[in-house]
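Here the structure comes first, spelled out in structure tokens, and everything after it is commentary.
The letters A, B, C, D and E name the chains in turn, as written, and every chain counts its residues from 1.
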Amino acid sequence: MLKHLAGRLAEALVALVLMSLVIFLLSRVIGDPVALLLSDSATEADRQLLIQQLGLDRPMWQQYFTFLGNALQGDFGQSVTAGREDALELVLSRLPASLSLAGVALAFTLVLGILLGVLAAITRGTLADLAVRMLALLGQSAPSFWLGIMLIYVFAVHLGWLPTSGFGGPAYYVLPALTLGLFTLAAITRLVRASMLEALSSEYVKLARIKGLSEWSVVLRHALGNSLIPVVTFMGTFFATMITGAVVVETVFAWPGIGRLAYESIMARDFPVIQTVVLVITAFFILANLIVDLLYLAIDPRMRAAG
Amino acid sequence: MTPPDRALRVVPERAETPPRPAPSGPPILEARRLGRAFKVRGGLLHALSNVTLSCAPGTSLGIVGESGCGKTTLNRLLLALDRPTSGEVMFRGKPLSDMSRAEMRVYRRAVQPVFQNPYSSLSPRMKVRRIIAEPLSASREMSRAGVRDRVIEVLEQVGLSADVADRLPSEFSGGQRQRIAIARALASRPELLLLDEPVSSQDISIQAQILNILKDLQEDYGLATLFVSHDLATVRFMCDEVVVIYLGRVVERGPAARICTTPDHPYTAALLAAALPADPAAPATDTPPMGELPSPLSPPSGCAYHTRCPFAQEICKQERPVLKETPRGEVACHRVSAEGWS
Amino acid sequence: MTRDLSFKLALGLLVVFVLVALFGPYLLEHDPLRGSLRARLDPPAWAEGGSAEHLLGTDRLGRDVLARIVQGARISLAVCLVVIAIAGSIGTALGTFSGYVGGWVDRVLMRLVDLALSLPVILLALLFAAVVGPSFLNIVIVISMVLWSQYARMSRGETLRVKNEDYVDLARTSGLGHVAIIFRHVLPNIAPSLIVVATLQVGVVIVLEASLSFLGVGVPPPNPSWGGMVAEGRSYIVTAWWVSALPGIAIVLVVMAVNVVGDALTDRINPGLRGRGA
Amino acid sequence: MTEPLLSIRDLTVRVGKHPEAPSILDRVSLDLMPGETLGLVGESGSGKSTLGMSVLRLNSPRLAAGTTGQILWQGRDVQKMSARQLRRIRGEEISMILQDPMASLNPVQSIGVQLREALRRSGKRNLSAAAEAALAEVNIPSPADRLRAYPHQMSGGMRQRIVSAIGLAQDPNLLICDEPTTALDATIQYQFLELLAALRAAHDMAMLFITHDFGVVARICDRVAVMYAGRIVETGPVAEIFARPAHPYTRALLASVPSTRHAPRRLPVIEGQPPAVGNRPRGCPFHPRCAAATDQCQSVPPRAEIRPGHVLDCWHPQEIAHDPA
Amino acid sequence: MQYHLKPRRRAAVLGASALALLAATPVTAETLTVAIPTFSEQTMTPWAGSGQRKTYLDLVYDYLVYIDAEGNAEPGLATSWEMENEGQTWTFKLREGVPFSDESCGTVTAEDVKYSLERLIGEDSRAGPASTMRRVIDRAEVIDELTVRVHLKAPDFLLATGYFGEAQQLGIVCKSYIEAQGEGADAAMPVGTGPYTVAESIDGSEITLSLREDVDHWRVSPDFDEITFRAVPEEATRVAMLQAGEADIAPVSFDSIPGLENAGLRIVSAEKTWSPVIRLGGTVQTDPDRFNPDNPWADVRVRQALNYAVDKQTIIDELFHGQGTIANADTPVAAWNSVPPYPYDPEKARELLAEAGYPDGFEMRLKTFTTTPGAELPLMAEAVALYWADVGIDVTIEPGDWPSIRSEWTSGKPLDFAMTHRGFPFANPENGVEAGFSTKSLFASFTSDELETKLAELGAETDPAKRTERLTDIGHYIRDQAGAVFMVLANEPYGVGSRVGDWGIDTSYVYNFDQAELASE
């Protein structure tokens, strides 16, 4: 089992370095940041001065290796715009906001998704089944920023129940997590419904009924256990969608997360921060995938033997 | 759907099989000390070891064994879908491994397979005509009209009407699909049919129809057949000679009639007992099958069957018996010396 | 009963969407790109203050919202079709190859798929837009860069299933080469599942394009995409709700229809795949 | 004459509520005596499995909606039972073994959990001891470790024996076996049938044994009912049916089974295929394929008891003795 | 970094069914909440970033010279100042006894002013005007504790109200405190002489300023004990916050104005703070590398036609909701008030185009981008394109972003496209004109030999009255030559909630949140 994990870690490192190269080149090609930092009335001398200060005058590959060398020691360079703050520190300071939001959103989507999925499967073919799927579908078909703004106007402006935006206590999580999660809700509901239908028509569920168990215990103890396995395998993808959606949701809800930091740093051509943010996000995905692998082993004994 | 036609011969016809004409010419397909081992997590799995057999023109050889005995691996090796790790597959005396592309094309036409599951043998998206014509596509000598006639001809040989050619496999029952699969095998006028459990997944009435068609093909066209099955009764009906395989090794070979009446190897006896006859009055057996099939990853020492053999002695645990020639055929069992039972 | 009704309804809606996208622009009397500033932000005909001149009202440059929705349908459909073509072909080619060949090739490609699935598509779109400037091509490339992995994952799984069918072994015993087998047997039999993935992805693409427009890197103005219209109209959701609400509703209807049709197709082809499409 | 344990009267199962909907079972009647092993034999599509499932009302909702007729279990009609009553007889009074041992066990739960789940309902207190005893009774070596193992770690034969242990955990009076050995190798099937016979005697329970293999029927059943196209065409004691099969279908079927004892030049054959659920012929369903058919066979054949306990539905019962292969 | 539940203006009473976890918090200190699009660099020293940070820094630091509503100088930290040596030497007298917020710093001294100036124009300063100030200013000299003399390399007659004025970035810091912070000075809590100090700065979400209890500030006595700035990038969210009472003041786009007025909120505008303009590439006639003769608009008549063809008043009424006046130049300059803007005359535009040899118009590319302020630039581009289309000019709009367009604009190549841009009021109008219209500037968009000589003469002129005359003449010249397509002198509207009483913004001192009064209940 350990060999399997070691293999996956090695692959993860390769992926990270690969990603760092891609991002490094891409951000260099963006157009140089100096143009942005120079004030309107700057002269050529000022431009050279800034280039030299930022070390952009050295050849590209040398810049990359210095970057990689520093990165390994945790020094991802200084944020070009945010007053010389250390890029990694800046990203890590914004990380808890994004992770907590993605976590809350994923939790609420999983719970609601599984409930709706099971409900739809049990009431298969009836109106309830259709209604549940349409409700879940609504989340997937409405652009998240539109949904977010609508929720703000309804729940914060008209009803005044919740804060419109900002980062703070539990109340601040409700609307952003709802917006972020709704997008994945349809996917989870559909997945759970499909695997539940498969489980309910299986022989081992028939045998459970033969034992005389009540329909509820058959559904909860036998069918649900098996139908959650595919949900785990897709957990990595759902987490990815969360972070991807965060860029929009964090902008709409003024949430100080890394999604918004990435957006703003790209607009401000802040190389070091761009590289750091994307690398941290990619590292997180790889970590999420590793965790999913472990979860998968824990849930499905068949995998444990193959381990 | 083809309407059920009326002909029914209810009164059982129980004539014995007339003696077969002696096989003529060199063997079409031979396996010489064939072996195949797979690398798996737990070590080396010997699916097949030291199997020797040959199919002469017009003969019918039966391979009998239970799941995990390696009969499917053998079939894939003979069809050159897989390469042996030891031993050789010979076609007309020449090893497959060093045959040119042209020679391989002749081999491909001469030896045709029929698999067990009719639902998996026909590509769902292809009309029956193209399925049957596929083996001819490689040879390219036949003109389009020639192919069209050949398709009709082989459909009639398996008792199906010409209009079947333009329909999709999904429109046919299991039995009809298996007939189409047989027609496909006949298309390139083969000399040898490799039948891998062709009737195991069919109902009794359909099984009988297909077995009769195969028997007709053997006798009317002198087709050689290699019939792989787990069911001794079917092999008795179809084949002259039988080879019994256990955990990838040949344990007994002999004429079908003899094997089914006085088996030498205890495993063959157990198989015979397990093939329950459709007769409540049949005498109970004195060699009932015992024990579980051991894992092929770690076969028992000495004779692989000793863990389930009622006659197992000390020698059986230490030393693997060699396949010995006897007047009754071949057998690999310490209890049976060259002359007969010791 | 409800299932067939919802399927027919959804299918009807999709047909309307495609027809509007193909022929709508020719039937319009208003030019979706030109409007008069005087008639800026007029409400739809049925709302008070609205006029029959502009059935669904006008946007902030006085352009007819109905005309832009019709023109937008064409652009949104075009984005979907091009993405499906690019992502579909690349994904299927890689997935089929990986499933058919197996071994380390399969492992490497699947690792690539996992990485692609984890790519933050919106950030990449922003980076691309900064490099090349927002354009139709840029959006299509970026969205395809991530969505190809859905096709790859599906076509790999299906190829593995088909590869183990007997008719593939039979084809090899007839001497067919690997390429012939892939084209005669593998592709035709995995096509239905890929069609399902394509259907389900129409929804994902439209919504993704809307998010990109929100961040300013969507289909470049002045030509309208539904997502772009919703993004443009968001700052006056209260005073001129119709500018973003109507295209928003159009998106919701089409995406829902696509998902209903997608699920129904999955049931007909092989229920086992249900839910794994999106 | 003791009361039958299970009495099925005019059971008809249609695909859906509509009276004209195609029927899988067509006015089937059958009695099962206490302690008796009744065989139910027929080709695929004959409806034998659906009959088995109907006893415990395990059919799909669509089929359940199209089910008419009575299934009397110790005098009470299962069709009319409330969900709670039905649940009480499932497992405790009637139990089942299904065909595919691989799929019958929950893949993510250990053997012990699934066995104890059944034992708990039977009121046994020391569950782990009872579980070990149950496994020992079905010849499972070292039961203690096996309880912790998972289904995928066992062979097909062993898994089927565990399913039997689960089936017997609540001492049912009737065990329904739906082709339990079809997926097993012959040598494993032989030993399983021996075990099943021993268990039946030990628990003194009745068995309804559904199979398509006449050899198995001969080996384990007391009486046998032959099904064709949703109907029972012939019923009788095993020795009687095998020696003197009266219905043309039974005779033809018995004749076309290959045997290890002799090899005819060609097997006697019934041409054509069994009719699909949709288009079943009027009158005797077998008449289009029956050599002995006459015009009379277009109408529903009478039911006759040609010998004590030997009943068949046919206009032309065959009298010639059948020489067993 | 700790988070706490913000006290919200309207105690949200929740029904039992609603989220019980929401505790209603009473409102204690009087807090003014201002929602702004971005904190930009969110650094705390005047030289460590752009001018956008003045939003919160102008309440922490004071400036030497302030400017009243009419634009005349008012004493700030400098009570008086003299210009000698023909504008090349300036001496400032400092206000006595103005305490820094940190006791250890004591009161403001000449040393602090000298240090502040040197850091602002230092090599690694990121401030906007730093590079131009570096060209003008030589060094500062401490005469005595409250007198500092500034020596210039070139005469600047408006230094006091220009670079040293409140509209620029020369906030006075405490030298000892900054030197004590060393490397972390930029991010450390700022020490200034302003009415507020920074209580808390949560990266990317909130900056809270609290009123200094210890001092009765010399310039202003604010009503609000606490001012909280929140970074809210999305316009629709800022509008929602105003309506929900979560924000008292927030900059809004012109399109949101009707919605806010319907909801009973006030709009307060900073007058003429930025001016949208369309600059025509490749018209730097004095530099052969950057002049592109093939552009249709190389001909002055075409440039004039481009101005005549656009109905600028309708654009102001419709797109800017009347929040602006028709522009006569690319930046508001008092001296150019007499310069007449181009009227809307499509006929004349067609005549001029015909005369110039383009009877049926031509094709052109118009690049556009969004910034803050400037969200409306792409919209304006599309509107202008509509009008130009009426006179036969086929415009292709190319949305991009400021950095890439700007690097293309300053690349020194002969450009063949136009771009939307925005001008800002310059501290010193003469420098402003140079930036846009003199060959020296990388950023020049239109130059001519005649204009070069006019600029040189202006530079050499020492008599202030004559300087204004020459400046006005230059304004007329640029207008007649249609150096760009001048559009709007636009305002910056702010939505203002009911909690804020009287609050006005005069042109130069935009971020006067400290003057916002508490509404009388």
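In the analysis below, a contact is a pair of C-beta atoms (placed from the backbone, for glycine too) under 8 Å apart; a residue touches a chain by one contact, two chains touch by 3 or more.
Model, not experiment: these values are computed from the prediction.
Q: Indicate the lowest number of steps between chain B and chain E, counting one step per move to a touching chain.
A: 2
Q: Have a look at B-C versus A-C and report the one with more C-beta pairs in contact.
A: Of the two interfaces, A-C and B-C, more C-beta pairs touch across A-C.
Q: Using Cα averages as centroids, what's the distance between chain D and chain E in whole Å?
A: 89
Q: State, to the nearest whole Å, the distance from the C-alpha centre of chain C to the C-alpha centre of chain D.
A: 52
Q: In whole angstrom, how far does the Cα centroid of chain C sit from the Cα centroid of chain E?
A: 43
Q: Just the number, please: Cα centre separation of chain B and chain D in whole Å.
A: Each chain reduced to its C-alpha mean, chain B and chain D end up 31 Å apart.
Q: Multi-chain contacts only, two chains or more: what residues does chain C have there?
A: 130, 234, 237-238
Q: Could you tell me which residues belong to chain A and also touch two or more other chains?
A: Residues 30-31, 145, 149, 153, 251, 267, 269 of chain A each touch two or more of the other chains.
Q: Send over the residues of chain E in touch with two or more other chains.
A: 236, 243, 401, 403-404
Q: Could you run through all the chain pairs that touch each other?
A: Per the contact definition above, the touching pairs are A-C, A-D, A-E, B-C, B-D, C-E.
Q: Could you list, by residue number, the parts of chain B that touch chain D in their complex?
A: Those in contact with chain D are residues 1-18, 66-67, 173, 175-176, 203-209, 211-212, 215, 230-234, 236-237, 256-257, 260-261, 270-282, 288-290, 292-293.
Q: Applying the document's contact rule, which stretches of chain A touch chain D when the two form their complex?
A: Residues 202-204, 206-215, 221-222, 225-226, 229, 299-302, 305 of chain A touch chain D in their complex.
Q: Using the touch definition up top, name the residues of chain C that touch chain B in the complex.
A: 165-167, 169-176, 184-185, 188-189
Q: Per the contact definition, I'd like the list of chain E residues that touch chain A in the complex.
A: 1, 3-6, 8, 10, 12, 14, 18-19, 21-22, 35, 38, 40-44, 48-49, 123-124, 126-132, 135, 186-187, 202-206, 230-234, 236-237, 240-241, 243-244, 246, 401-404, 406-407, 410, 431, 434-435, 440-443
Q: Can you check the complex and tell me which residues of chain D touch chain B?
A: 43-44, 155, 157-158, 185-191, 194, 212-219, 238-239, 242-243, 248, 251-276, 288-292, 318, 322-325
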